[in-house]
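Heads up, the next two complexes both have subunit A, just with different partners, subunit B and then subunit C.
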Partner chain A sequence: MTVIETRAKRGDASDGTGAGGTLGTRLSRVEGIVKIKGAAPYALEHRPANLAHAVLVQTTIAAGRVRAIDSAAAAAAPGVLLIITPDNALPLKTATNWLGVKPSEGPYRPLTGDITFYGQHVAAVVAETFEQATEAAALLNITYDEAPAIPSLDGAGEGTVVDALSADWGDAAGALAAAPVRIEHEYRTPREYNVPIEPHGLIAQWESDTLTLWEPSQWIDFMARTYAEWFEIPFDNVRIISPYVGGGFGSKGFAYPHGAIAAIAAKMLGRAVKLAVTRPQTFTAFGGRAETRQTIALGATREGKLLSIVHRSANETSIKDVWAERCGTVTGIMYATPNFSSRHSIVPVNTVTPGALRAPGENPSAFAIECAIDELAYEVDMDPLQIRLLNYTEKDQHANKPWSTRQLREAYAAGAEAFGWSKRSPKPRSMRDGRQLIGWGVAAGTYPVRRTAGQALVRILADGTVEVASAGIDMGQGTYTILAQTAAGALDVPVDHVTVKLGDSRLPSAPVAGGSQLANLMTAAVHKAAHAAREELIGLALNDPNSPFQALQANTLVIANGRIAAPRDSGPGISIADLLRRIGRDQIEALRDTFAENATNPDDRFRNFTTITTMRAPTDGDYSMHSWCAHFIEVKVDEDFGTVRVSRVVSALDSGRLYNPKLAESQWKGGIIMGIGQALLEEGVVDRRNGRVVNNNLGDYLIATNADIPDIQVISVGIPDHHASALGGKGVGELSIVGVAPAIANAVYHATGKRIRDLPITLEKVLQH
Partner chain B sequence: MKNFAYLRAASLAEAQQAAARPATMLLAGGTTLIDLAKCDIAAPETMVDITHLAGLDTIALDEQGVSIGALARMSWVADDPGIRRHFPAISEALWQAASAQLRNMATIGGNLMQRTRCPYFRDPAAFPACNKRRPGSGCAAIGGVTRNHAVLGTSPSCIATYPGDLAVALVAFDAEIDLGTRRVAIDDFFLLPGTTPDREHAMEPGEVITAIHVPASPAARRSTYLKVRDRQSYEFAAASAAVGLELAPDGRTIADIRVALGGVATKPWRARAVEQALKGKALTAESVERAAPTAVEGAVDHGGHRYKIDLAPRVVARAILAVGGLA
Partner chain C sequence: MSDPTISMQLEVNQRVHTLRLEPRVTLLDALREHLGLTGTKKGCDQGQCGACTVHVDGARVLACLTLAAQVQGRPVTTIEGLSSNGGDLHPVQAAFLEHDAFQCGYCTPGQIMSAVACIREGHAGSDAEIREYMSGNLCRCGAYPNIVVAVRQAAEDLR
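This part shows the complex of A and B:
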């Protein structure tokens, strides 16, 4: 028996494949309508019976100890059910972290009197209503013994070098000293926050030793494992339900202290407990992007050819934990240089532990190197695009491996052409529109291809429709849609006959929706499972005594548009539903994974879905694999006011094959928009006297509005990369933010002659430069 | 948020009566009141809902000027053809304020009563010291993050910026606030912080804003509102200027000029020194640029907001030149 291959090459989508809603076509988001109607339930909208409400209380000092918490007034307030403090909170067990390490065997205390940052949770009040809990929370009288704090990276010292992040080749210092042209500058990025439109929070409910959590999640399996280990219950006893996620940008992959507190409250009370983290509290309930500083020294020939790069960088981390915002990840792979040295340090300050925010590492890394190469271009009087092409690297020098695909040259060409780069006047301050100085800037970006094994369940149901199931999630990036497309294509059924179920820990496990890996690993798994289901269906149709095809003695059958037929039969065949009914099957089910053939150890599989230890490095194998992009950006600067407006963006991007160009373009544009906010607006401002982030709300922490965003043109220059993934895609979600901020900073320099090396580029920096 | 009694006023008289009682606040659009309640700043015992009171939401225009009912929504006033024609600065100030959603909810009276965005004022748990909230407790802003604080009209007690846009346009054109039983010139309605920053308006208990009257003038008719900020929309002004201009029949001599500043002062700030310097002079780029720096006479620098001292005169100059057809 053979199975006819799914026809994969047809249609006219950008990657040359796909038709009728299958992979490669511009299908709109399948869950779009329910979201627009407000009919998609988000975690906190769930209403279990007998729900109690928890409100967090955060510290008002950055360092020291809680001396006492007087809760008498709060306890007497109307509706109060429970006040949780460091003294009475159930101690939990320390859970395995995302690196597969258990930091200690001691207890885990989500509330502690040992204070290391402003806004640390110190208590929670649970009441019948949210308002009662809020009111009572304000009545807690907390006294502290305050200790000196380090509010931010400034004045926090040099920190500790992370040896694992060091990279060296050649003689960087010597070559720099001998280089005819040398430039050296410091670049800085501030604390930035994820601020998803759905703030964090959860509903926790216990039934004996089973814990159900309605909580938005980018990584259901890891979060479920964390809760299970905290409470010493079996993994299968934790159910996390997260069918819709209102954005995460890296911030919804972990179970945080507020989750532990809600689950503790639910256990102590024996009631379902809802805990909504307020927007101001989200600024310290988990970390955003760490503040970074980088110094880049470039040595070059007078013709602009790089001779050496010396890179020193640092990021803030918390007092108690380590977060490395790896500022060297782009520095060493973007340009060819015979000599290179990079060191990265972490510097403890009194902050919540920073976390992942769209392209952690690559984002600040690209800001520094892409500004520095621009500065070098002016130093040697060369076009900023030309200097990038002159120093183009044909291989990953650090890993000493060829690229799997690197369409960056094509990105430069396509972007420059669409933007009209050749019409650029080279000198700063030489382009103008009335009172507005005009600047054109370019910068490149990159993001690694991350690979983890996945799995998926595909069911052909009695009515002929298809169900795809995974604990993987959709936070707006399009998982529902592309998995429906994958299954529809593999099974040759109409895409609207496919239902995708996601975001529930009862469904087959999935790795993190992070590192821009989920689309690749899930399409691979669904493709495989759908083919297995198809194979089983055809096998039954050929062999089952009740099948109308059994008598044909054929060796294969054709499935098309939800119908099954003999290959040479000119008739319409029968529907899949009809066939299943005749052979007495209510469904056909295939669970498949993309593990290596011999990887069947359950512990290894569990580790695969609940840690990142099995995530393959982009250089694991024969190639170095990355997505690439080039941004061409026009700004208008009103020099009297210092205001910078982005007036045009053309970006050409190589994400390999696009499974759905419409959704990929949306993600690219979203990343570019976020990058515009990062370049011009976003900054967590700390009051150095007490360590408080004073702009901890969306009125004062500015992200881009519609009015700040011009029309954005994105151009796909990718080609299928089958080294990177089974179906040829590379990463989409994080790539496009990388390089936006330096392209804008470079454009501001071109407009004004002012080189602003610390983000965001606010009006006073332009005025006072 | 604390519990409060909700009273739906049957009449203006009942609202006035209720407003005379302590710890009582009026509820109109609610956009700022609810926000302040969430910040634990507004904690009224009684909220008096006046949104439904008849006759308070009209916009009446005649040769003398315009009367804008206190309950007219920001978006209505911004879009009113008469306002746009005779008071363009008012329309422009409104549509550059807040967001579309807020403008559709918020009322004109409530807009005048909005309170400062000073983060130290708005965060009682983190910063107990605030003379505006708790007289005598000190000012946490001084010595803190002052990027958005006032450089004009400050005192050692308070450097909080008046946040609004509309009132800046109103103060330029000598509007009067109608409190039902009396009218107060808008420049007198808003108070300097001095030693009593908790007292922001010249309103007595029991008084309710019923309308705003703006006299018609050639300067108001030829006016603009220029708002400068990092974000194109939904951000308070780094500096703003409301400017009106009347030229003499020669087409170049400045017969009348009105200049007011926003985003830089503790109250809507009439820049009379700029007006005096330009009145009777020829309108030229040079004369305007020479006069504009007087807009920030007396500015006091507390650090992070220093750029406003440079920025405000530039905004004033650009606005004058724009309305004069020279920008």
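This part shows the complex of A and C:
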């Protein structure tokens, strides 16, 4: 199946661009076969001996204190082994957080009687079987002293401005006041949830002071550090095993209270404990995207040229912790404006601390600015695509740096061409198909290039096959596949001779699989390690007395299709396996990293893999680096019923060089589909009486189904960006959701003449207007 | 206390297993926790996501809403029983791989079991029909367009 062309190796990023199976080709997922057979082991599928089952119990008030937990009935239920409550849970130590900060030196209590949100864990029941634990958990009788709660952002006040997120240039207020055209509107997005189809959970097992966790993870090293610090054991005493992750979308990067509770239970019982968070419990076991509100005021000339942007935004956070959904991240970089002002506030409410969900910050940010620019287009009677080109910015005005690459003009052109944008009738309500109003909308998106150092191990084995190893993970982005492709290309072996091992803290460390950074940093590390292994192999072949090439006195050798030969020798050479046998080596191993040459301090390296403090900003360096996209979307709105269906999507995206277009296109489509759900379906509904998330299940919290999704065309307009990464890629995974919701909102306006500024765009909003 | 378990015989993938389980154990938990057949996935445990789809008497059912005791004497097929004993992939599996009809892989066994039944039911006649009859299986990675292509191709291959 694999044909590898023989070619000279330059050892730089231009290698491996075309041959079968190597980077740039449309290789199918290498781990696909085990997934389609149901043979891929996800975390909870590990079956240790003597396993006990834990079931969580969550609060039914949003604020106050637990008065008492009567556990007599539960304790007497069949099979019950242990009931953990705030009174008997082992106190842990506070761990360093992802920002590298330890909030206190005091104890950490994953179960506490101090209640700050509905659905907070308050107890856990452990029993011999899952059924017994579930039954006993329902028998706990918990009483509360309830206190007033703030259920959601509405009526929660103005909050606190996060100064670090403020941005200003020019005189935004003055220029807005003086602008001939002014528009100002508020845009809102609701609580949204990650809902990976694999729910959270883990199996925890202790052997003396060593803790092993089978737990899905986007960030093994940080989670291992958290457990180590909680339990005051050395980092190396924690092993996390996560070879397959059933989706994460930002939600599987941290160790959460339920993880602590499972590990406590396993320690208290001296048995392996499985804790599966139920689907309803996942809605408050960790946070999804915070609810946001934004006000955008645009000042412009009558010709549509921006003069000023004034942006004010806020998101909900929890009572106890800070989460900023940074709504200004796109506002300041998408369009050229001489005057700009942005402020972002956080507002505490009685919720679980919100978290990262696909493109945190950029996603709601783009919703507001991309709707606002569309509103301006109608205000000045201009085509929505034309106004975007008119206000195109040639540099990052905030950072005052040029773009590394910005193929956004190309994205507009390619998307518009494929969509047929020129055939659009400009007026709202001017296109229809019977009782269906047709609307065409456009919006842009962007996501920053994030960079953290990585490392990887590449091993050439005695049989000539190759092993790549990293604690980095694959939750469907294609890590297994592109790392196999990278090694195959660098070593010139068939890709099916490469085995990739991921997702185990025993393997070389990796930073978070988040911020769309993992593919870039891991391909760079594997590329480097594979070339080091290749050089060592060639060196041995040239110099080892038992090598058939030793007598040649050659300067170098070529490797092709797993065979090694002299450069101008017409002979077939010998296989790598033969060479290793002749020179008496059972393997060649290279561990390489992408740290700066002088960065050898072990503490700094540990920090790099276990915090985000070493993650480089997109503007760190001479350029501002981002991926870009443009979405062209058609909706059909039923005139009588107000139902909105997306009927066509064409998106053109600039993610730089694609390491595997087949997999990148799948990820792009996945982001677009999540964006369709965000625009039309997804909303965490909060009961204002008690702060409960009412629709905490997959039947009521609606995500897109197959029938909601039309044909989607994605077009790559990227070019290799070697400022952004060693091999030329930019971010893929998060980019494509950014801009989808505003493109749909803009299309709904074009279809109906109704401007809906709060997501999701449900039929009652369409009918109400 | 009296023993709450009952003896039951389950025929899964053409093998008969005798188990002692409480009558309240679901087919899903019987497969995953007691038979080690973990290819069938638990995504919601309340009949909303389709990840636990298996075949009982050849028809697709949600294993999380089915008690193990209910399927005694009725053949059950899971993802592990789909490919031939020689290991050849079922055409639906092959099409899923070729068309990249999954990412994380967690909903995939349920999607594949649904797709096999969808084709067998005669509900794969058009893309619109495939979308409708595959909508009981949620995919958060958003592989839907590729699933439609894979099901369409597998339906043609099986014709």
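Definition applied: the second predicted complex is superposed on the first by the 753 of 769 C-alpha atoms of A that agree within 3 Å, B and C clash if a C-alpha of one lies under 4 Å from a C-alpha of the other, contacts with A are read in each partner's own complex, and residues count from 1 in each chain.
Methods note: a contact is a pair of C-beta atoms (placed from the backbone, for glycine too) under 8 Å apart; a residue touches a chain by one contact, two chains touch by 3 or more.
Because the structure is predicted, anything quoted here is derived from the model rather than measured.
By the touch criterion defined above, A:Glu131 lies against subunit B and subunit C together after alignment on the C-alpha atoms of chain A.
Of the two partner chains, neither subunit B nor subunit C is touched by A:Leu507.
Judged by the touch definition given at the top, the superposed model places A:Met475 against subunit C, while subunit B stays out of reach. Contacts of A:Ile673 after superposition: subunit C is touched, whereas subunit B is not reached. In the superposition on chain A, contact is made by A:Leu767 with subunit B only, not with subunit C. With both structures placed on the common chain, the touch criterion links A:Asn690 to subunit B but leaves subunit C unconnected. By the document's definition of touching, of the two partners only subunit C reaches A:Gly246; subunit B does not.
Judged by the touch definition given at the top, the superposed model places A:Ala707 against both subunit B and subunit C. More residues of subunit A lie in touch with C than with the remaining chain of the pair subunit B and subunit C.
Contact with subunit B, but none with subunit C, is seen for A:Asp640 once the two complexes are overlaid on the shared chain.
When the two complexes are laid over each other on chain A, subunit A has residues 131, 699, 704-708 in contact with both subunit B and subunit C.
Chain contact summary for the complex, subunit B toward subunit A: residues 1-3, 40, 117, 119-120, 123, 125-127, 143-145, 147, 228-235, 238, 306-307, 310-311, 314-315, 317-318, 327. Put simply, subunit C touches subunit A in their complex at residues 1, 4, 22, 24-25, 29, 32-33, 36-49, 51, 78-80, 82-83, 89, 93, 96-98, 100, 102-109, 112, 130-132, 134-135, 137-148. Those residues of subunit A that touch subunit C in the shared complex are 28-29, 31-33, 35-42, 44-45, 47, 78, 129-131, 194-199, 244-247, 249, 276, 278-279, 475-478, 662-663, 666-667, 669-674, 697-699, 703-709, 711-712. By the touch criterion stated above, subunit A contacts subunit B in their complex at residues 60, 118, 131, 134-135, 138, 435, 640-643, 645, 680-681, 685-687, 689-690, 692, 694-695, 699-700, 702, 704-708, 760, 762-764, 767-768.
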